[in-house]
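What follows is a set of structures for review.
Two complexes come next, and they have one chain in common, chain A, joined by chain B in the first and chain C in the second.
This part shows the complex of A and B:
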């Protein structure tokens, strides 16, 4: 028995080794390095001198960091709750359809999510094109003045938010549909017998039973929008990147364009902690919700 | 319920279905518009009015993209990286998931917590140190360099563990009686019983890697080493201000993953729901 145990441990070590090696190399080691870099004035490649907490102390008065923090919060506000509502509405609509019709309609909503961000960017850049974009033709028809959307300070974030909701909703719709399917149909039949209207049924049955999925969708999108970079970067090309900074964009700009890894790493640490705090809160909330049942 | 209210309910349901259908068509319209624009001659694309179907349908932009640009090379890069990441991730995750599910060993709990905790790690925050690491290893501008930081999807381990947990213990005991080693049990019993989830996870892992932008964008500076998702946005002089050409390139970049989804629709949606922690 004892030799068996020991044999098990050896085999387990061999099985776990590839994953553990990758984990240590691409998660643990860079995380430690990130924290250490944030206390130095290091360039992108090469060592720097220890500067204590200076990189952190500079953040509150760094106008670019303030833009990045503000824009990230603004972007989160523009996407997370509206995106969750849009996805829920679509999922409710799709769930009423059946068979092939449902599969086809779901595919139309889901397709954007499967595409690379650069394809999404090129399609929407064309739709929003100031000279020839189809949206501008629509503006003309409706008598609205044309706007160079991706180059305008006011329109940029809302436009990227709309594109992001369009791109990522497929994922949330899928989760909502799985949640809706797990509600037993008998409950709806009972509600129908009680002559409950559509709205009452939704408010009293669907919404509360769907709550665990809703909070999951909400936090998954909150965390992924905190980490936003790709779309903002792509739509800023040839535009006004300094007005459109978000946290990851700031890290990229400081480290890769201004060669100041120390200062960039401080923001990376801030982002890291922010994401962990949100994740832990979400975990606790789910546990509370689970305990209440 | 009276016939009248029943009729009203049906009417309401009908309206909702029609609205859903309309919304789906509007939702998918930008995709249609991108594809159809790529099939128009450059002179039609810039006409000052909306044309839902081209006067002269043409594939010239696709021929141009495939013959006169580096897209072919980018395709090769993307395929190599996506296949490499998928194979390594799936195998390492499967082995680890099996150990967690079937073996008792010291540190098992700790490993499990490490995997759960890694869900929270924002890889975007690690780009600086990933870059330094890959540069130190001399792997910038190589397939291996693009692959390295993408080799982890902790969720795949968790899904594997759940599926291995569900395999009845009788199978394992019978195999142990036959003196089969752990590797044999894994590859002859557990893996064949879980081919479905393995293909589903492989497809989405391929799609995730194909679609990755930030890291491939940072780790490659030489145009011939770019993946297609980076190349089509960074080398615009290859296309100039030819809108239709740019869109043809976009369609080519999106086509493999779109096809993978349309062909394996159920597998893809299953794996994505599983990866969010919901049992499909």
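This part shows the complex of A and C:
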């Protein structure tokens, strides 16, 4: 069949144009602006004078930046792998159910995911609140001393991590379930004929065939947890904000509280590069790990 | 706009209503009053709209208090989308001026409103002034006070003949009162917002003020012996925690709940909780209560206050029409003149003709605590100060562990001094 290549290209361009225009406008342009701002002493509103790399040079000796970087890494460690494991375990359990029961249980696990973060915060504040939280009354019953969970440095990040996993695992569960369903049942039947045990079936069939989904879940949650802000901000209101800083919170503090967009932009650029490097590295590593099998 | 006005003017002239018909102005208003005071503000706005039917209508929106409100105002003004008049905390005016998001008020503006410097207490007037220029019209001052449960205090024998708590004049005296309440079996003699360092700043800054302490001296934080004064202030509160005299790790709503449920006999909180008490009381769900100026723990009375003020945003790229400005000034002026009703929200009206009136002086509990207006101190005049500002965050981070017995006051002061000076 004869095709008019020129016409095709033209149609393609028209179809791609709306996306490209929006992408350039709301992603590429602001990103370039952000990088440029990071070399100035701009306030929140308006332009600033060029200061070279001063905003970046300050970061290594900035205690708040160090707290923020450390807390972000800690939070990622607490959520990404544990969250993926929890989601996988739940998905495996749910996939054993059938029909309406499966739909009902899945809905229960997915429900938290549709809640806005402010509602999640309120629900968990009712649980964790030192004076009135349900958990504290449980502690009283068991004779355990009350713990000021969201006000103590040791408990804050683990608590927020648990809440985050509770809140977001619904989406990962869905991805895992889709992955599990795409594994042909014949393979399991064959394994059964070969007398393979449950663990062997999981290790030799489910895990490797599910690997692409696992690495996807892993990468998505890694990126979103690096950008953690809402939960930390809400739970540390009035508490110990500067002990609980994470990178995005620190950007917010510099830009909106201290009116220093230049310094905020420098942190944002660092985070931007960090997210790109970490996620590309991780995806490649996971691909390699998967390919070896 | 101009074409529209021209046509309207032509029509008006043609019909011959030149004097009677005035264009109806809509004044877009933003505030952050979500509590009991918000309900009262709504009544004031409704009254204004009724009295100005056909002339001016206030279109009011209430936004989330604190950081969300100020973030929104900053960014909205930058793109010319902010309201015509907004409520602003005086403590945040220095930052707003640095950012250029508020319009200065001219002498003509003050004249149009019929208000001026003489109508306000000097500290209140200073709070809206940056380099001899006013940027807002103070509407109220809202200090913190000591709320007390008369029933419990009486039963514990620490209510004096005037119906006020005993031991209000010294550290030892007040601590004795707290101990007596504890011995009487009260769970928390004092309900304190110990989980919220932002909030405790108000109490601690008041206690610094009682020793003539300054947070900021010529741009330096906690200079000279001011660190020691902060340490003294923290030590008193830490001591009460050690003895089990105040609630620990209690956030704001929990503190109010502890007090209103009778589990805490006293509470240090803002006057804006007065409506909570009067409303509960009216429903017959509250004990006999009172509110009084903070106890004198150190040398002399001193209380932290902030002020709700009206400001006109500098909307970038959007010139304010003279008619609109006149309408906004009328709104502000009317509110000042009718601020007696605002006192039912607990706040102390800033306009002195109102507080001097016999009606105001007969209001309770306002009359009991209004003596403190002589002893008010405001935030340091710095872009770093004010609610939800960086100073608050630094303070909060160290106040919470100190007030709950996790950190020594001296250590906290050292960290606070270092971090504030590094801002």
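Please note the rule applied: the second predicted complex is superposed on the first by the 258 of 293 C-alpha atoms of A that agree within 3 Å, B and C clash if a C-alpha of one lies under 4 Å from a C-alpha of the other, contacts with A are read in each partner's own complex, and residues count from 1 in each chain.
Everything below uses one rule, namely that a residue touches a chain if its C-beta (ideal position, glycine included) is under 8 Å from a C-beta of that chain, and two chains touch if they have at least 3 such contacts.
If you're wondering where the values come from, they're calculated on a predicted model, not measured in any experiment.
Overlap between chain B and chain C is detected when the two structures are superposed via chain A.
Using the contact criterion defined above for the overlaid structures, shared-chain residue A:61 touches neither chain B nor chain C, since it reaches no partner. In the superposition on chain A, A:15 makes contact with chain B only, not with chain C.
Once the two complexes are laid over each other on the shared chain, residue contacts for A:4 go to neither chain B nor chain C.
After overlaying the two complexes on the shared chain, residue contacts for A:130 are found with chain C alone; chain B is out of touch. In the superposed pair of complexes, A:43 makes contact with chain C only, with no contact to chain B.
Contacts of A:121 after superposition on the shared chain: chain B is touched, whereas chain C is not.
Once chain A of one complex is fitted onto chain A of the other, the partner contacts of A:257 are limited to chain C, with no touch recorded for chain B. Between chain B and chain C, B touches the greater number of residues of chain A.
In the overlay built on the shared chain, the residue A:31 is in contact with chain B alone; chain C does not reach it. Between chain C and chain B, the overlap after aligning on chain A sits in one stretch of 73-81, 307-315 or 415-423, namely 73-81.
Of the residues of chain A, those at positions 44-45, 129, 131-132, 237, 256 touch chain B in one of the two structures and chain C in the other. Note for the complex: chain A touches chain C at residues 43-46, 63, 129-132, 148, 151-152, 237-243, 253, 256-259.
Remark: chain A residues 5, 8-9, 11-13, 15-16, 18-20, 22-23, 25-27, 29-31, 33-34, 37, 44-45, 90, 93-94, 96-97, 103, 105, 107-112, 114-119, 121-124, 126-127, 129, 131-132, 134, 137-138, 166, 171, 174-175, 178-179, 192, 195, 198, 213, 216, 220, 223, 226-227, 229-230, 234, 237, 248, 251-252, 255-256, 261, 264-265, 268-269, 271-272, 275-276, 279-280 touch chain B in the complex.
On the side of chain C, the complex with chain A involves touching residues 67, 70-71, 74-75, 77-78, 95, 98-101, 193, 195-199, 247-252, 254, 257-258, 316, 383-384, 388-390, 393-394, 396-397, 400-401, 404, 406, 419, 422-423. Chain B makes touch with chain A in their complex at residues 1, 5, 9, 12-13, 16-17, 19-21, 23-25, 27-28, 30-31, 33-34, 37, 45-46, 48-50, 88, 91-93, 95-96, 98-99, 103-106, 108, 111, 114, 118-122, 124-133, 135, 148-149, 151-152, 157, 181-182, 207, 210-211, 213-214, 218, 229-230, 232-233, 243, 246-247, 249-251, 253-254, 257-258, 260-262, 265, 268-269, 272-273, 276-278, 280.
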